[in-house]
Amino acid sequence: MALGLGGCGKQSILSTRSKPAHDIALLWWWMLAAATVVFLGAVAMLAVAWFRRERPGLPFVGEREDLAQGMVLVFGIVVPLVALIGLFGVSDVYLVGQTAPPNPRTTRMTIDVIGHQWWWEVRYDGGRAITANEIHIPANTRVNVVATSADVIHSFWVPALNRKIDMVPGMRNRVLLYASTPGVYRGQCSQFCGLQHANMSLKVFAQRPDRFRAWLAGQERPGATPQGAQAAAGQRLFMNAQCASCHTIAGTPARGTVGPNLTHVASRTSLASDEIPNTPKWLAAWIRNPQKIKPGDRMPDLGLSEPQIAQLVAYLEQLR
Amino acid sequence: MTRHPSTVLVWFGVLGGAVAWAAQFVAGLAFTFAQCNAPPGRWDLPVQRWQSGLAIAGIVVGLASIAVCVRLYRQTRDVDHAAETERLGKGTPPPVGRINFLATTGLLVNVLALSIMIMTAIGAPFLRLCQQA
Amino acid sequence: MATTVSPRAKQYTDELDRLWTERPGVLGWLTTTDHKRIGIMYFFTTLAFFGAGGVEALLIRSQLIGPNGHVLSPQAYDEVFTMHGITMIFLFVIPMTTGAFGNYLIPLMIGARDMAFPRLNALSFWIFLGSGLFMYAALLQGHAPNAGWFDYVPLASKQFDPGNNIDYYGYGLIFNGISSTIASINFIVTIFKLRAPGMSLNRMPLFCFAFLAVAFALLFALPSLSVAALFLELDRQLGFHFYDAAFGGAPLLWQNLFWIFGHPEVYIIILPAFGIATSIIPAFVHRRMVFFPLVALAEILVAFLGFGVWVHHMFTVGFSTLTTVYFAAASLIIVIPSAIQLFAWIATIVTGTPDFQTPLLFIIGFIVYFIIGGLSGITVAAIPFDQQVHDSYYIIAHFHFVIFGAAVFPILGGMYFWFPKVTGRVYHELTGKVSFWLTFAGTFITFFPMHIVGILGMPRRNYTYPPDMGWTLLNFIESIGSYLLAAGLILIVANLAISYFRGPRTDPPFEGDTLEWATSSPPPPYNFAVIPTVRSPYPMWDKEDRERDNQRLERGEGLLNLEHATPATTVQDAQLDEILSMPSHSPWPPLTALALTGVFAMLVMQHYWIAFGFLVVGGLTLLGWHQNEEQA
Amino acid sequence: MTDAAGQVPRSAHAERSRAAAAVDRSRAAQPSGWWGMALFLCSEATLFGTLIGSYFYLNFGSHRWPPAGITPPEIPGPAISTAVLVGTVPLMVLGAAAARRGRRWSAVRWIVAAFVIQIAYLATQVLLIRHDLLDFTPQGTAYGSIYFTLLFADHAHVLLGLLLNGAVLYKVARHGLTNYWLIGVRGLALYWYVVVGITVAVLFTVLSPSL
């Protein structure tokens, strides 16, 4: 079981890449060990009861009431009291300070993550770069995440990197994001937030600092101007169809804020908050019929013709 | 046993610690909500000092009622409970068995209430002021 | 006890029969104030709701049996898991324990002839029935509550849930709360005032301590829920702003109010189970409970400490550590009363001579699962770990072991245990054992893998999940387990149903220690011909006392056969204080409940004046209530 | 206690005031009806505890309380009318005492006196609320929501008390001070003690910004 827990699973709380997450996993293993001992002990007593069902009392103890009562006092009060106060000190006084949000001076950068039904808006240094559902961070760097919500309560959770933190309207909760090794870490909304709660996941890309800087620089540029007639038509369509009223593409008239910012949508690996891969085929399918892929999603069926969809895809694919 | 303790004393023994816990719990909580959930600087309360103070006050009360319970328990330790039913009727003094029962239970109530208050009293000062959990 | 009675005694019992027997037929059941009949009505109603909640559970598991399941649409899934929670908690466990078991057994255990307020007792049943149908009406209309049983705002606000799904939730819970409040007041007064002479607090059955604790917890927890629901409906229907951050409201206010109710609620669910366990164990272990006073107190203490732990449902909302420390401490210490009871049960079983019949088997299952659920509960009282697994399947596993494994198993065991008492027949033992092992295995296979799925990061309340997460196999196992579990439960019901018609008419195959076994099975309308006198917490094992009762019946002493009467005693020491005439059958309670149902139906439809009209009608029925008031 | 049934009173037989008072004196414990009312009031008190807690929870969480544009409540009006309501407590005490001594009509007189004052109190409160509503509404801000909800909840309880007054007075005047209605009078008095206490607590809560 231990192997199963530690190894498999993209979202296991036990395959950890940061100190807080690691400490929590360690706490878990210790608690599991202690719990196993208690459980087996209690079950053993019940087994004894089965084997001695014909005979009253216990070996050595006999039927002395005071010893039976002493057993209750020791196992029911003394032992638990000691164990629980110990657990209280370790977890709720010491460790809780380690998983608490970082002291502002100790972090290199701040990212605002805003929960929407049902996607994540990610803003770098105050909105100079805005993306969605895919958070890039430099590895081995303490990042301060400010978690807020645009509508209902969501919960930001990347198990491999840290505990979860709720996104509550009117509150600015914070959490440390730190990855000891480069890699892709999956996260998911863990507070029920409506119809598509199940499909509100995200990816954290921990990159070598130079790679990250390059990526950020790219994200800060305005959206690419379309190359070729097909893509140009796609841009016109984007601006005239409903698209622009919900989505933003920096450097164009599209200024909508209901849906994700698409300035560099083609640079992402997935669509619909990590539900489908970001390939032309899937992008077309998504534009054709989003309600089929994500029932109840805010993105409506636009009733576009196949040629129009092809044009939009051509345009969006150039937004790298 | 000849003399019968007053009902008030018995019930103080049973409930003293519990009530003390409830009081320090509600009051201390109100302080943390006021200080830590308000926009910064709306109030400036020495929360942790209050938390510790309240907890210690509660601990004192809890110890007092433990003392009461111990005394009652000793007074009523060895009685044959069934025997005394015979003189159970209107206006007769409370059966010793019940006093003993309440004293025993009171001991547990107070021990647990005390341990919660002690944990808070020890825990609070170690935590950073209004650090978000 | 089917002892042969002399003609003299026969004559006395006939007089009592004349005084206490109610109208026969449907009308008799509609107007009944007999706690036994009300208990039975509660039993069948809650059993029906249990069935509904079980079907909902099976739908959930069928949807999740594989990745990208299509059994339910997202909308349907949200409604189904919400109704599953509401049903199991508000329409099954609480009414089944307090309503059915409590109503039927408490007066019998304390040697009374009825509850303290028989008509209020009927009223609380009819209101419960109304509230249950009210909430299920929403499901039938296809817009059942859909924001989860704890219904967090702003998701549940008008803006994000414009239909009236949530209104059924808000009003339904207030409605249901009225019933529970009335019932709990009735229980407390009954236990305080109607105990048999001599049953001083230290001689009260542990079952009664548990139900006393439950009644007090309900009494003080429900107002918080009602206030939360009231605020919710004011926000939704009249445009108030309690929970709207944009207007100075606080979404977390809902969470606080809800969990101030919601955590005591958990103990309200589990405590009757403790009570049932402590009445079944001595009967089959042939031994008194170890450390009676501590067990009795532990039951009360759990309910009391339960009010100080609610924020452990909110460790991830961003409160300050100075706030959470209170709840962490209380949440850990509340383990101890449970540990005391646990080891008292184990010590009793291990030092006694247990006879592993079906009811005891269910209690063993309860103990095992309560240990698992309790231990996983301790792990989530460690704040950092809770911040990882909060709202993951780990939590689902934890509270299903506590609520199903620990709270429902004793209910099932109790159904077997008191079946002979209620019906006068005996269930089929072997089928009973088989049904236990089915249920036991099913429970484990269904809920244990959820710990692991949770550790692997699967959040709760997902209507689907992708195939590549390592969750697929475990979810498949869970679903299979749930079908096994359903089979076990059906077998239990079938066993009891068939035994009701075919079972042998013999005395119970075990020796209970409390007073309900002192009367015939099924009990006569007046419960006890002679009001028993009590000298220990195990009155049935004081043979000479019960023998004395029979002699007094021969002499016609302590019969109270002049009128429809039961004795009242003093609160602490149960000294005989006065003889109360009890009300008998009354048509008013169901009418009052009907009027109330009208009130809430109209509120949901926002016809406020018609609702007010129904309220006035309800008030008038209360006047009719007091037409004949010779009763004290 | 062999056949104590003979020694203890059969309360239902107390149809006359004198007999009812005798039963009341002979009781060692409070009657069931009294306990029922006491527990119901526990529940109501908890309800108001929760409402008042919510008031301060919202207060603590906000920048200004009351929010900008709403003047803090004036003290005199509510304070004086509540003081008058507190004045009815001794009347109820006397009423209950008279009933327990079996003095049916003096009990009725005391309760009627309290009844009149309580009606006057509710009337003035209604006027005060209407005056508040001109200033701000429950739909405007969370402050308005909790402020008016608190007051409405409190007044609803006063109104219920008035209805109970009416019912009990009618029954006692019509059917006499039976054991049942003697307990009724005691329950009514208890109800008013608690509701008046709640009213005072609510008063201090809503006035807290001005104190």
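Some observations on this one:
The chains carry the letters A, B, C and D, assigned in the order they are written, with residues numbered from 1 in each.
Going forward, a residue touches a chain if its C-beta (ideal position, glycine included) is under 8 Å from a C-beta of that chain, and two chains touch if they have at least 3 such contacts.
Nothing here was measured: the structure is a model prediction, and the numbers come from that model.
Pairs A-C and B-D differ in how many C-beta pairs touch across them, and the larger number is found at A-C.
Centre-to-centre, using mean CA coordinates, chain A is 37 Å away from chain C.
Rounded to whole angstrom units, the spacing between the C-alpha centres of chain B and chain D is 31. Chain A and chain B have centres, each the mean of its CA atoms, that are 43 Å apart.
Separation between the centroids of chain A and chain D, computed from CA atoms only, is 52 Å. Multi-chain contact residues, meaning those touching two or more other chains, occur in chain D at positions 1, 4, 8, 28, 57, 61-62.
Contacts with at least two other chains are made by residues 77, 81, 85, 88, 92-93, 96-97, 100, 173 of chain A.
Contact with two or more other chains is made by residues 197-198, 250, 294, 318, 321, 324-325, 328-329, 332-333, 336, 340, 383, 387, 533, 575-577 of chain C. Of all possible chain pairs, the ones that touch are A-B, A-C, B-C, B-D, C-D. Residue ranges of chain C in contact with chain B, taken from their complex: 197-198, 200-203, 293-294, 296-298, 300-301, 304-305, 307-308, 315, 318-326, 328-330, 332-333, 336-337, 340, 383, 387, 533-536, 542, 572-573, 575-577.
Remark: chain A residues 77, 81, 85, 88-89, 92-94, 96-97, 100-101, 173-174 touch chain B in the complex.
Across the interface of their complex, chain C is touched by residues 1, 4-5, 8-14, 20-21, 23-24, 27-28, 31-32, 35, 38-39, 42-43, 45-46, 48-50, 52-58, 61, 63, 65, 68-69, 71-73, 75-77, 80-81, 84-85, 87-88, 90-93, 95-100, 117, 151-153, 155, 157, 159, 163-166, 168-171, 173, 186, 188-199, 295-296 of chain A.
Contact residues on chain C toward chain A in their complex (touch as defined above): 73-75, 78, 147-148, 152, 154-155, 160, 245-246, 250-252, 287, 290-291, 294, 316-318, 321, 324-325, 328-329, 332-333, 335-336, 339-344, 346-356, 364, 367-368, 371-372, 375-376, 378-379, 381-385, 387-392, 452, 455-465, 468-471.
Residues 1, 4, 7-8, 28, 56-57, 60-63 of chain D are the ones touching chain B in the complex.
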